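Chain nomenclature is as follows: A, B, C and D, assigned in order of appearance, with residue numbering initiated at 1 for each chain independently.
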Amino acid sequence: MSPNALELKAVRKSFGNTEIIRGTDLAIPRGERHAVIGPNGAGKSTLFNLISGRFPVNSGAILLNGEDITGLKPFEINRKGLSRSFQITNLFYNLSVFENLRCAVLWSLGYRYSFWHRLNGLREPQRRAEEVMHRIGLTRRRNVAAGVLSYAEQRALEIGITIAGGAAAILLDEPTAGMNRSETAAAVELVRSVTEGKTLIMVEHDMGVVFDLADRISVLVYGEIIASGRPEEIRANPAVQEAYLGALHKEVAHA
Amino acid sequence: MRTILRATAAGAVLAFAAFGANAQTVKLAFIDPLSGLMAPVGQNQLNSWRYIADLANQKNWAGGPKFEIVPFDNKLSPQESLNALKQVIDQGIRYVLQGNGSSVALALADAIAKHNERNPGKEILYLNYAAVDPDLTNSKCDYWHFRLDANSDMKMEALTTFLAKDKNVKNVYLFNQNYSFGQAVAKAAKEYLARKRPDIKIVGEDLHPLAQVKDFAPYVSKIKAAGTDTVITGNWGSDLALLIKAAKDAGLTANFYTYYGATTGVPTAMGAAGEERVKYVGYWNVNNEKFVGADVAMGFNKKYKDDYYTMATYTGIAMLAKAFKETKSTDPVKVAAALEGMKVQSLNGEVEMRKSDHQAQQPLYIAKWVKLNGKDVKYDQENTGYGWKTEVVLDTYVAAQPTSCQMKRPK
Amino acid sequence: MAAGVLRYQPLNLARWIIWGGTAVLMAALPLVFTQGFAITVISQMGVAIIFTLSYNMLLGQSGMLSFGHAVYSGLGAYIAVHTLNLAAKGQFWMPVSLLPLVGGLAGAFFGVLFGYVTTKRAGTTFAMITLGIGELVGSCSLMFPDFFGGEGGITTNRVFGQPFLGITFGPAIQVYYLIALWCIASMALMYAWSHTPLGRMANAVRDNPERAEFVGYDTQKVRWLTLIISAFFAGIAGALTAINFEIVTAENVSAVRSGGVLLAAFIGGVGFFFGPIIGACVFVYFVVALSVHTKAWLLYLGLFFMLMVMFAPGGIASLIMMQVQLIARKRFGRIARHYLAAGASGLMVLAALILTVEMTYKISVDSATGTLMKLFGMEFDAAAGTAWAVAIGLWIVGGWLFNLACLRVARVWGEIQTEFVEGRA
Amino acid sequence: MEFFLISLLNGVSYGLLLFMLSSGLTLIFSMMGVLNFAHASFYMIGAYLAYTLGLKLGFFPALFLAPILTGLFGALIERFGLRKVHRYGHVAELLFTFGLAYLIEESVKVIWGLASMPYRIPAVLDGPLFTLYTTSFPKFRGFMMLVALAMLFSVYLLLMRTRIGLVIQAALTHPQTVEALGHNVPRVFMLVFGGGTALAGLAGVIGGAAFITEPSMAASVGPIVFVVAVVGGMGSLAGAFLASLLIGIVQTFAIALDWSLAGMLAAVGIGVTESTPLYSLWKLQLSQVAPVLPYLLLVLMLIFRPKGLLGTRAD
């Protein structure tokens, strides 16, 4: 069995005439916390969408635990043990916090499309949902509809749904986007605790979070990975400083 | 459960008693569409029944009892008709009038038969004045059902007899709606023509979905391409009017033999497009030789600003009145027995309610759509400036059909 | 755990009371409404409840707007009626009371067939495919007289064989109790379905299909399975219609029927389980009972529906639940008198509306017998100026008062809601 | 040859009428995302108004006035009805127009009565335009084609070449931006809805005269209009044009063909008689199902190419 939880081989993706991902190679060993960073428009979210099956790739291959998952549908990839969160909150808005989480655990517990089980009679989904709810700190909001939660609560629930199914590989797309300092700190702790023993790949803009959480970092610029390595290596890499920080400077100049 | 049944029965008995005390007015329940697509036709026929009932009341045809028409809207739906029937039963009304749609007629005939079987003493008599499915007086005939109109086979018999005499008819095209009635018309036409004029060629046959076609031009070019000189069609409503309009536009000169050229709305929609080319077969035409019934049509037009064409209403009331008089009763059981084999003088001559199948036997008319001329075509249809000119009156025997009905009479 | 027991106990009790009460009510109704027509109406309401609830499995629970639901109930009815006729001929053993099961299985079969096609898409596209399939089946119903019986439909006789415990299903009352039993059972099963994994995932797919895919669910399959189950219950309703009327015609698969169930579900309220039950009863009342009183019933129905869409998109059920919330928190008394004012002035507007519609109808459609008409127990001339003056006066005064009352209701309502929010914070 | 040419002309002219009907629907959908179920009802209103106005003013003034009045009515509906529902989403809007269709049909009955109206083609346009071999092609059909083409052209010009057209297009995709630039987006929507219904009204003026003006005319064309809009691709005017012609021509030629499964089986040597199971299916001819072919096309299209011919969105 391949030691890598996730592997990308020469993955390419274009929209119309614009190539967004230009032959990306990436290998993430099992159990690693890996961050993908890069300037706006580098293709980070697109990369996530390709891995999770939201968009099809143009060429190349994606392997999960050594198994080819290229071209599979999102739910098939999910069932193979890869779960993702979204940059823009993506919940079941009319369902309560508890129901959101329970929906997220049903498949992995083998209840599939059952219409012969009574939900409230099922202990295990209930227990798992309660447990995740406790971990993300939303127990007090148990019966509140997801649509009316505060922004930070919705972000927490977003992570909760992602991890509830117990997937071994977790993709988090900007888990702390739009949060203030204390919320960010709480979110980092949350991510750290819930991904214990799992493979984490995340896209993040907040460098503090990245350097705090990640075991390794990849830098994506214009659809290509220009560097991959441990945080201190990345920090010291002149090419990264040139390309990435240069781009950052430009961004600042624009703003 | 018992008590419930008893309560129901008691209620019904009370209702019946109330009816009995007021026997001088006989209520006739009119179950036909008064809303929706077919409402104009239903409204016209309701008015026809009311007009004739008023006439009969004024002249005391029944020798005492007066007629009252009670309308129920069935929305042209068999199931809604059965709802209406339930109300009719609740209100203690014992006579049902219905005509639009053989689907409704079959449903009502069936339900009334079941009701009468399950509720002796509360029988209901059903006068069908326009539903023409031959089955109703053949395989599905029932003692409580009486048909005042001629059925579609009789009309086809009359029509083909007339056609057979016309040597100019060589190429016939059958154009019908794709449902039981349209299919029956096509089948009967082929059979009867083969029997009477084997030399006539059926150059084409089309069945199109009911009320789905918006543009008839392609059909007309097909009819034309087949070299047609005569079209036989059972189409009604807009399916008929649009066909005739399209035929005129494309310069198709064939004659159209129709069943429903005279029903409400068709003359208006057809207008000049049908001139000299559209004919219909029916049991009466106001522009007949002696203009019998013209006074009724005029009076009706004055009162309702509409045309009187459902002459079966006249026959129906006349027959009921005669039965009331003869039996000195308005009980449907006695009346039904009296109606069997009854003969009355109606606006089209003598009409007989044949005992074997409860199918009225009467002369049939074939008429042509022409401009008013003040002589033999005096009466206008829907203020179009056109009217129906009587081409021929066929005696009763011509259209008479054998029946396969095995009537089960109550003991 | 103890807390959990304490919390759930009264809730279950309430549920038992509600279900038990419904059953008792259904059993008792025929004692109150003894007339034949009334029994027909409540029988039809029972069937409509099953049909509308099955429709709401799609619309309310799974977010699928269907314009062709009558296809399943109608085809279920046809299969059921053919089965009944074969059973009556003695071809096989089949009691009438189990016929709805045949209809249900037939409905489910067509659900498997058509659902495979329709549920490939969601949203507007789904709505359009169902419209197309509905039109196709509707047209076929007249083209294939062998199966559909042509214009006359298929008739049957529900009374055959030896009576079982004195039940022949001849009298309408026995059919009503059969319908009532199936209705209760179907309601309970559909309620139970909404509390199964599939039922919950249907909600999830309705709310956010994309996310559902990312928690491992094939949304297409969720929709398909839901549709099959919904078609099963629609088929039960169809078979009961067949038993009730003893005839099945093309109207059972028509677009009119499909549109009707949409109206019924929406009027009742798609957001709550009991909404469609109310909607079904109101709808049947409109169609069957109101049409006795006025030819303009379709106009009133359309208007009622549009007002609901504009001002109460949650249907009657949401209006009720709003009041329940007030009563539960003891605020109802404060708003009640404003309701009364709004109700009274609303009645004036309603009277104005009815007067206008009926007088116009009388003049334009039914004026041949004169313009004299009877309304609200009064006889008057529809062409007279005074009648119109009264109508206009009612419009102006009633409208003004109603507007005023509504504004006040809205204000008090807003105040109470603010209190709730503050109370919670 | 005669038959072929005439059928082609018939198909094209019917297709163009369908286009007139569906262009307004497509326009409204592409601009507002509202699937207007009551679109055919505006077609009916156009026909009735044209008839009523035509009695006093004659056909040609009515040809201009009736669509304008229909459009005004549509704009009012948008302003005081649809706009209130907008915030509840597209399904609510769809349901609103669904109810509106009921309401309009009933109101027409109340106002004009139940019977059909004697609305006729004006004398100038009555009669044959030309005669092809022996079949005449009516003037009014020619007129119908002319109006449809003129309509296509002017709508295209309006959207592509005028300022208001550009604002409308922008309001679709970026309502906030357009609003920020000082444009009144709700008013743009009102204009679009009014414009779309006016197009339906225009189709009504033509269609009412060519066919029958009666209360059920809306219900009879309603579904087919949807088919055109969906097959063409939701929101694509060019797609609607293509789909209209396609459906018009396919339907016209299907009528000409008496092919049936039984015939095909007979050709390969399998005899089908009345005793064969499913006989009514085998003997069904293509010409018999021609009028329901569009629905079949719709279902197939949605399965295999849900975007429609030229559409851009799938759901």
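As a working rule, a residue touches a chain if its C-beta (ideal position, glycine included) is under 8 Å from a C-beta of that chain, and two chains touch if they have at least 3 such contacts.
Predicted model only: the values in this text are computed from it and were never measured.
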Pair sharing more residue contacts (C-beta pairs) when A-C is set against C-D: C-D
Computed distance of Cα centres, subunit D from subunit A, in Å: 47
Interchain centroid distance [CA atoms averaged], subunit A/subunit C, Å: 44
Distance between the centres, which are taken as Cα means, of subunit B and subunit A, whole angstrom: 74
Whole-Å separation of chain centres (CA-atom averages), subunit C against subunit D: 31
Numbers and ranges of subunit D residues touching at least 2 other chains: 109, 113-114, 288-289, 291-292
Multi-chain contact residues (two or more partners), subunit C: 139, 143, 145, 298, 365
Touching chain combinations (by label order): A-C, B-C, B-D, C-D
Subunit D-facing residues of subunit C, complex: 65, 117, 120-125, 127-129, 131-133, 135-136, 139, 143-146, 255, 259, 262-263, 266, 296, 298-299, 301-303, 305-306, 309-311, 313, 357, 360-361, 364-365
Subunit B-facing residues of subunit D, complex: 2-3, 6-7, 10-11, 13-14, 17, 109, 113-118, 120, 128, 131, 134-138, 140-141, 211-212, 214-216, 219-221, 224, 251-253, 255-256, 285, 287-292
Residues of subunit A that touch subunit C when the two form their complex: 52, 54, 73-75, 78-79, 83-84, 86, 90-95, 99, 102-104, 106-108, 111-120, 122, 161, 164-165
Of all residues in subunit C, those that touch subunit A in their complex: 192-193, 195-201, 203-204, 206-208, 210-219, 221-222, 225, 229
Subunit B partner contacts - residues on subunit C that touch it in the complex: 30-31, 34-41, 44, 139, 142-143, 145, 150-153, 155, 157, 170-173, 241, 245-247, 249-252, 287-288, 291-292, 295, 297-298, 365-366, 368-369
